[in-house]
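Here the chain labels run A, B, C and D in written order, and each chain numbers its own residues starting at 1.
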């Protein structure tokens, strides 16, 4: 997924505000659903971030065109782990390892059923 | 209501990103409810922006401390109009006239009942 | 310009947070420059919002695909006025009239020279 | 530092958008400077996020009042590590370990001099 950096993404330091790289990764996760005509809000629940580990290597600036790539690292019973990287041209500027838990609409953790596991496997 | 400008509010131009002044005004509107132990989500519905007219006079920068003031301009049947100003010290840097419509949780416009009008009158 | 609605654009009301429609319009303005290999930060200065008038007709939701169109309404000596609309399918959900002032990097208003006027005329 | 949750902080899932907890922690870091009449932009440079590790335990909602606490974990030659927690009442809802690198205004890493180390030690 390609993402352009706009004014709203930057801060007075002249570069992208740090937490916005996480937003870019979230867009890529949702986009994996949208591109298949689906939505990340499933019939029985949705996903929330449980844990993130991120490294910031270089900064992006206004107008930069970034590439976000997502790879499924691990599927657990009630969560899964993605590796997401952001490149600017050939250079990796950001890397995220994120654990996403599957919860009910009331906010309770729940098991990811076989069908949803299969779906996630096909998306990432 | 006093609002401090943080990194996230600024952009690469070195000043507050234009639409964030509207966010500051929204915080002030919600805060009027919170300070009384209430919430802007009422029993029968909530408010959405229908129309805004805003003037940007001066810019705010990282670390600035801003004052937001809200005055009720007009109460209609299904909406009301607020005048909100943002000052930095003695200087008015932003002025907003915003029309807020009262809608049901399904998104349909609805009349503001007498009790809610009274509440709004006491808040702004 | 097409814009997809992501989680970050929405709020707990279930729809796009009001001021984010202004962000979408700003993306479209910057994109007009980016698509020609240019940037909205010109040699001698850049543009800031001076006045906005906006109408919110309908709400957009997570996953919606929106179209932003921009038309030059008026060119003044030191500012210009754009009409920007956001459509969701055939339905106009948002309309913005925005006055953008040309300022130096020190923040002082300045005349828009003939070359920049020509550029703006070709973009919008 | 106390932080109120406003509409802009939430998303259509009904809770605070995940990366905004990082913003809350950034506010607390900047606020440590502001409260002493200082700014996080120092004479010789400023700080950028280099690494984050975060755990999301519970969600915050519109109107919640959150407490952010920051503790200096480690001072390195050109960076330092903070532990930041967000509590909602007695409950810890978020924990962040963040490595902040000191860089010049041109973006190059640089050593944190003794005076700046002392300052950071007094703030966190």
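Methods note: contacts are C-beta pairs under 8 Å (C-beta built on N, C-alpha and C of every residue); 3 or more make two chains touch, one makes a residue touch a chain.
None of the values given here were measured: they were computed from a predicted structure.
> Any idea whether A-D or A-C has more C-beta pairs in contact?
Of the two interfaces, A-D and A-C, more C-beta pairs touch across A-D.
> Could you work out which chain's C-alpha centre is the most distant one from the centre of subunit B?
So the chain farthest away from subunit B turns out to be A.
> Calculate how many whole Å lie between the centre of subunit A and the centre of subunit D, each centre taken as the average of the chain's C-alpha atoms.
Subunit A and subunit D have C-alpha centres separated by 22 Å.
> Measuring centre to centre with CA averages, how many angstrom lie between subunit C and subunit D?
One centre to the other, that is 32 Å.
> In angstrom, rounded to a whole number, how far apart do the mean CA points of subunit A and subunit C lie?
About 27 Å separates the centre of subunit A from that of subunit C.
> Could you check subunit C for residues that touch two or more other chains and list them?
Correct list: 7-8, 13, 15, 19, 23, 26, 62.
> Which of the residues in subunit D end up touching subunit A in this complex?
Going through subunit D, the ones touching subunit A are 13, 15, 18-20, 22-23, 26, 46, 48-56, 59, 107.
> For the complex, give me every residue of subunit A touching subunit B.
Residues 7-8, 10-15, 17, 19, 61-62.
> Could you pull out which subunit A residues touch subunit C in their complex?
4, 6-8, 23, 26-27, 30-31, 34, 39-41, 62-63
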